[in-house]
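Pasting the structures here.
Heads up, the next two complexes both have chain A, just with different partners, chain B and then chain C.
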Partner chain A sequence: MADVNAPRDLDDPNRGDRNRDCLRDADRGQLLLVAGLVMAVSLVALVVLLNASIYSENLATRGVEAADGEPLEIRAAAVDGTGTLIDATNREQQEDDGYSDAEDDVEAGITDLNGRLGQTAARRGGIANLSLTGDGLREGRYVTGPVDDSATVRDAERTRAFDLAIGASSLPDANASTAPADAVTAVFNRSAANTTHEVYVYDPDDGSDEAAIATATNGTNATETCRLDAVDGGRLSVGLTAGTIDGEPCPGIWPTELSDEPDAYDIEFANTDGVDAEMTATVLSDGSVTSLESTPAVYDATLRFRYRTADVRFETTVRVAPGEPND
Partner chain B sequence: MTERLSDFVADERAVSVTVGYVLTLAIGALLLSGVVVAVGGVIDGQTQRTVESELAVAGQTAVANLEAADRLARAAEADRPGSEGAVTVAVEADLPSRIAGRPYRIAVDSDAVAVRTENPDVRIEIPHGATRHVSETTVRGGPIRIGYTVADGDAGPGTLEVTER
Partner chain C sequence: MRGLFDRLGGGRRDRGQAHTLEAFAAAILLVAGLTFALQATAVTPLSASTSNQHIENQQRAVAGDLLATSADNGDLDAALLYWDPEVDSEDGAFVGTGEDGSYTEGGPPNAFGEALNRTFLDRSIAFNVEIRHGDRNENRTQLVDMGSPSDNAVTARRSVALADDANLTAPGYEDTTLRRLADGTDPGAFYVEDDAADGDVYDYVEVRIVVWRM
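What follows is the complex of A and B.
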């Protein structure tokens, strides 16, 4: 399109008006300026949004760090450590040692454990504290020794870590129906409820396996719970409270009624003549122990556990009784 | 007079300037509106995607911390002798205060954690597996605290509560 404007005359007296016209022509650039600004702002917004999106996706792929890992880890260390400490102390008790010796040892051990756990937590930026509660420690008895039919533990309120070790070659042959008469028998006598619970250990007389366990109530209707085809090392270990046979799981050995039993029960044995059998257990009992070695022991410990970091606070009370059957 | 009028009609000297100016304005306006519409659409779409993505991440973080508090609560009550000793569990989570520049809300109930913004209207619901009872509540998006308390003498179980901090 041809430019039909009159040529600019610098000497023209109306030059000012013409310059204003030239400036008006420049207004056409405003559209481009506005478009450029809109584009620039939009691009900035887009970049910010993309950045936010990338950041959030980065967070998502990074995974969320579980807040509960460390407190649970330290709590488990506190419980395991205290359990090991109690059992080790009980094992080391001599016949002429009193309960106060065991109590002092466990209290000193818990103080030491508290210091170690505190150091571990401090290295991770946290605070951990372990202390005995007012109830603290409860007195029990650590019972061990060879088992015969006269061995008894009277008035047991609770029992934990009850293990029976039997020479595999001395196990009597039996089956579920003959077990009450022939098998090595551990009897839990709930005299208040006039009920007994039996656990039978025997060598199945069909020759198929080396050991089997059956359970019964009041000595009748014995039911086989589990079998073992080979005994490792010639000595069969039966974890009565743990529910194991030679280390293999055998659930249902421990009578669940005993866990709910408000009254004390007696532990007795039968059909052990000529059988190479030994037991160990820790019992909460004020009653007598016959034909077995018994020393004063710590049955359980009640602890107050506290753990704190910038993000997590965890406080609880926990009772430690290693090897106690689950409710 | 007639001659002067015919001269004016035939005179096309200013027409090109006017037409050129109008054409420039029209094309410019068209381009500008095209750019605004196109870029606006892209930004709206990207905003929606970003908000959804960030809400999902914030929701999952909230759920992870809620479940962590639940695990701690269960561990705190395991082997607790009866109702002895108070149980205190608190987990603090640093969630963002704004999602793509927008405020949001976190609604918690016994089944899921829902996070939502109003503009754009986006709601993301993430189910959680907490086994303890979770108090139904809605809080502003941002740093939160998940608490669980059982008083000394109370056998429990307690309730997980989410609060702002």
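What follows is the complex of A and C.
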């Protein structure tokens, strides 16, 4: 390091005084060095502190985001649980059971589910509550059975979980233009609007694939929406409300007009002679059901869900109707 | 400064101040050196840092969304029911797990397992899948066991309701329902005990995915 001391003049007669001054000046070098070191170390310490504070802030704010997901997680558990409960109860309904049997079972199940959700929430330091609202449960019909041309469901206001299972080998050969005459047809008849919507299921007659679906309005201009090259297990399942064919997505099967329809519609079938076809559906209907098995069932449930912790307060009303097509 | 020194008496007595400053500098230097040495250790994907927090948040979101989509399309239910009730002297086990009782090299051989492998294993992220069941979800069954999670593991949960009349998805047992197994109509056992949930629900189980970087 450079010598920052003033030059010493040892021959100076007043060197005693000068020497004292020199020593004072000599201290300056050390002071400069120490001050420089202090500044350098302070800067390094500042950087380390800044880094630590950014990290701490990140950790602190992370907790809030994680808490946001909790009510949604328990809400999903409530909705899924109630959906499974309703469908399982409807499937268990016997012909001589009344609607009140299904209603009682579902209500007891929701009370039980409420207790379980409460336990889950308590483990995280929160409170959860699930209860039926004033709208509660709505009565519908669980319709199932083999399909023939005389099978009908009258005055359906809403339909959910409508599946059609057809033996692949009995599927009639057709193409989009011959489908109205030959293909297995599900007809949604909106008599008030004087309009029908058809869904055709057939085996394409060009031999390229095993199954295809076409849709039409008023039985004209049928257009093919999807194809399937192979059917698993010999039985083709068509999810009319879910929009699936053998588990694969096939959007656009369900006529969207039905969701906006204020008046009830009828569900009918055509070209099912000699075809091995079965259907299941849950309908909101007080009309008659012919040539199919039908039991009183719970169509949907309107629930109030509340979740509360020290940080989060969440309250929502949710309608559970599993398998209902999206509006 | 000079005036101050003069007032203090000047000369050699000034050195006290310099020594004090030096002592402080030395102390700060030591502490800063220690802190720096601790912070400057090798940075690995597991080192605590802001980017590491980001990764944890992302992994939690991905695991949660994977559970949500699998539950929606039915793959999660199918994976929970991929159970062979008659192997292991009629105690049952997940199909193809052998003596381990759980899958150790990745997800189960079904759609849920493929989704797990595609999402995590292909990106060198390890995962455990645990099923909690029973009246208070106090019992645990390990579906996938890839070892002990690291300190930076994250967990995602999803509750699934199993219906009384749910069919097993294991090959050859597609007609076996949970109720028939519970009441002994069908031979074998299921890992979730029938805790008599009200209504026609067999049990509400909680599926947990624990995810961490290998």
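Here, the second predicted complex is superposed on the first by the 262 of 327 C-alpha atoms of A that agree within 3 Å, B and C clash if a C-alpha of one lies under 4 Å from a C-alpha of the other, contacts with A are read in each partner's own complex, and residues count from 1 in each chain.
The criterion applied here is as follows: contacts are C-beta pairs under 8 Å (C-beta built on N, C-alpha and C of every residue); 3 or more make two chains touch, one makes a residue touch a chain.
This structure is a prediction, so every number in the text was calculated from the model and none was measured.
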Which superposed partner A:Ala45 touches (first chain B, second chain C, both, neither): both
Chain B versus chain C as contact partner of A:Arg304, first or second or both or neither: first
Chain B versus chain C as contact partner of A:Arg75, first or second or both or neither: first
Which of chain B and chain C A:Ser53 touches, first, second, both or neither: first
Partner chain(s) touched by A:Asp135 [first = chain B, second = chain C, both, neither]: first
Contacts of A:Thr317 with chain B and chain C, given as first, second, both or neither: first
Touched partner set for A:Leu31, first chain B, second chain C, both or neither: both
Residues of chain A that lie at the interface with chain B and also at the interface with chain C: 31, 34-35, 38, 42, 45, 48, 59, 66
Residue ranges of chain A in contact with chain B within the complex: 1-2, 4-5, 28, 31-32, 34-35, 38-39, 42-43, 45-46, 48-50, 52-53, 56-57, 59-60, 64, 66-68, 71-72, 75, 79, 133, 135, 302, 304, 310-320
Residue ranges of chain C in contact with chain A within the complex: 2, 5, 10-12, 14-15, 18, 21-22, 24-25, 28-29, 31-32, 35-36, 39, 48-50, 53, 57, 60, 64, 68, 71, 136-137, 157-165, 197-201, 204, 206
Residue ranges of chain A touching chain C (in the complex, touch as defined): 20, 23-24, 27, 30-31, 34-35, 37-38, 41-42, 44-45, 48, 51, 54-55, 58-59, 62, 65-66, 69, 73-74, 76-77, 80-81, 83-85, 87-89, 91-92, 105-106, 108-109, 111-113, 116, 119-120
Touching residues on chain B, where the partner in the complex is chain A: 13-14, 16-17, 19-21, 24-25, 28-29, 31-32, 35-36, 39-40, 42-43, 46-47, 49-50, 53-54, 56-57, 60-61, 64-65, 68-69, 71-72, 75-81, 84-94, 100-101
